[in-house]
Each structure stands twice: as structure tokens, then as C-alpha cells.
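Quick one: the structure is below, and I'll ask about it shortly.
Letters are used for the chains, namely A, B, C and D, taken in the order the chains are written, and counting of residues starts over at 1 for each.
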Amino acid sequence: MHVMIDLCVVPIGVGVSVSKYIAECQRIIERAELAFQLHPYGTVIEGEWDDVMAAVKLCHEKVHEMGAPRISTSMKIGTRTDREQHMQEKIDSVVEKLRR
Amino acid sequence: MHVMIDLCVVPIGVGVSVSKYIAECQRIIERAELAFQLHPYGTVIEGEWDDVMAAVKLCHEKVHEMGAPRISTSMKIGTRTDREQHMQEKIDSVVEKLRR
Amino acid sequence: MHVMIDLCVVPIGVGVSVSKYIAECQRIIERAELAFQLHPYGTVIEGEWDDVMAAVKLCHEKVHEMGAPRISTSMKIGTRTDREQHMQEKIDSVVEKLRR
Amino acid sequence: MHVMIDLCVVPIGVGVSVSKYIAECQRIIERAELAFQLHPYGTVIEGEWDDVMAAVKLCHEKVHEMGAPRISTSMKIGTRTDREQHMQEKIDSVVEKLRR
């Protein structure tokens, strides 16, 4: 099952600046060789369900290991069986309608 | 790693009434013997990370199997290493402060 | 426009224990005389759009005022024009299907 | 109060293809002259709280007007009082840490 997620990991209890934790999550996603796109409020990731969810788990483990005692992640999970649709196609589909 | 999630599965392309899909997800969570609490905009579930995520995957598979061509799930994921905290304790902690 | 939201306010930069902030948000929702239901990972609130969103804004203002320099809230927003549906009805609709 | 939101509007009961509804929401955001960035699973928008939330309300009204009987939106809401931080800065902050 192919999946597209929008992942936003929020470390709690380590102060206001959280970008170093997010950078480590980026590294995990890159190492997993998943397609992704970083945006200002999260990262969109796509791939096989098990691979993507394994990366999410690694992110939680890593952020705790770095010292965050608590994490609250927000995630959207999209799957579809009617057809495959990749990240850029979702954007193209909206942009094309805007041009009409 | 213990986890508490707030799960809201939204089937797309099967009309406006989605409660029969949600009921099947409830059955999956009950069969998995996970602690859960149904609320008006989702279900809070807790347990071991792998068990909880396996149930979420089963929900997506089941809802597609029932005929939904597309699903967009919203999920919050909470983990903490400082201490264990179960569902009722989170509510009690707020209610206790309200009483002061 | 009637709306049902699921609100989860996460104060960042004030340590691991956030229940006193959540309790203040509860007070705001109660004072606004909105229907609500506290659950282990947020609060479901319903009412007129403007009233509900005004309460969300007050929550952010209050939590900042209490000392949180940063907040990341997760919110689901449900509206429908086909019929009115209140919090308990959403739960009843799922539970009724579970009984069959 | 400045706010950054991540908005994902999901029309329910209008079939599987929802990009025309999302395109209309884009038009509303552009007309409101808010800074925004479309990504594959939503749109990040920033501006003054009231202006941003007014645009979200217009999106719900428009999508219902276009025929969707039900909408379930996912939204993250970020505010901070310690400093101003715009969309590109959040990305730059992560990318800079990745380069180290």
C-alpha cells in the first residue's frame, strides 16, 4: 500500500527552538530513500506504508534520544486505490485548475 | 515505546455518511485489544507503538476493502520518556487543575 | 454556519507539563458557553463558527499571556450543510452500527 | 497576533477528485493577499490571525456553495511571541542545520 503523509514532529520540553530536531528527522527520511518535500509546517513523505511508518518511528526514537522527554506529532495519512498519485501531481492538479 | 494516538479516518468518495467505516475501524481496535476511547471527532488509542500502528494500517486496508477509493486520515501521535501517562490520567490532570 | 472542531493546543518552551495551560483553555470554552467534550488528546467543541473561532483565539492569547512563547495547535474543523449533527449523535451513529 | 497555519480542506460527498475545490480555496487565499505556500498535502498561510481565519471561513463557505455537503479540514496553527518567524525562515533554519 502506497501512502503519502504530512509529518510535523513537535518536541516538548526542550525550549522554543526545535529546528535541530527537525533536521535530524530530515536525515532519517533521506537515509530511508523516501521521496519527500520539506515545507514550512512539516514534511510530506511518500512511499510504501511500512517504510514510511518505520521512518516516523525512527524520528520519535531519535528525538527522544536527543533529549526531548515528550513529543506530540501531527500527521495526515493519504492512501488511494483508484490510481497512483505522487506529490508533484497533487500540486499540478490544483495549479492546472487555477490556470483555467 | 508506548504511544497514545488520536485517530480520525476520513473515507473519501463514498458519500456523506461514513459511520459504518468508522464502526469497522472500532472493531479492528477492539480486536487488537488496545485501550481506546471513542470521542465525537476520532478515537484515542494507546499501546505499544507497533501494535497501535498495525491497527491503523488495518483500518486503512479495511476501509479500502469496503469500497472507499481514497482515505485521508488525521492523526496525532504522543510519546514521552519522562513517565508513563495513560488516557484517563491526562483528563484527570486537567480536571484537577480546573477544580483549584 | 455551525461547526464542530477538535482542538489540541500544545504550548512549547514551558517544559513537559502542559495541563495548567489546557485547564485555562477549558475555562475559556466554558465561559463562552459552547458545547464541548474533553478527551485524552484534545477537546471537541461545537457552536457557531465565529463563536468557536473566537474561543480558539482567546486560548492562544491566554496561553501566551501565561508565559508560553510558542504554541502549535492541531485542529480538525467539521462543517456540513446536509443536516445538523451534534457531538453525541456522531458517537451514537458509530455505536449503533457496532451493535448490529 | 501573527499566525502561520497549515490548511488541508477535505470535501466529503463529492467523489474522489477534490482539486477543483482546493483551487477555489487557493483563489480565496490569493485574493486575501496573504503569504502562502502550496504543498502536496495542504497550504501553509501566514498573516494576521483575523485575516487568516476569515480566509479559512470563506474556504468552507465556498466549498459548500460549490456543492460539497460536508467538509473535514485539518489545520495546524502556530503562534509565537518570542520573535517573528516567516515561512522561508522556518525552512532555512532546518536546511542550515542539515548543512553542518
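We take it that a contact is a pair of C-beta atoms (placed from the backbone, for glycine too) under 8 Å apart; a residue touches a chain by one contact, two chains touch by 3 or more.
All figures in this text were calculated on a predicted structure; none of them were measured in a lab.
Of the two chain pairs shown, A-C and A-D, the one joined by more C-beta contacts is A-D. Of the chain pairs C-D, B-D or B-C, the one whose interface repeats that of A-B, sharing more than half of its contact pairs by residue number, is C-D. Here the CA centre of subunit C is 19 Å from the CA centre of subunit D. Here the CA centre of subunit A is 17 Å from the CA centre of subunit D.
For this pair, subunit A with subunit C, the centres built from the Cα atoms lie 25 Å apart.
Residue positions of subunit C touching 2 or more other chains: 8, 13, 16, 69-70, 72, 74, 76, 78, 80, 82. Every residue of subunit B that touches subunit A in the complex is listed here, in rising order: 1, 3, 13, 49, 53, 56-57, 60-61, 64, 69-82. On the side of subunit C, the complex with subunit A involves touching residues 8, 10, 12-13, 15-16, 18, 69-70, 72, 74. Listing the residues of subunit B that touch subunit C in their complex gives 4-6, 8, 16, 19-20, 22-23, 26-27, 37-42, 44, 74, 76, 78, 80, 82, 87-88, 90-91, 93-98.
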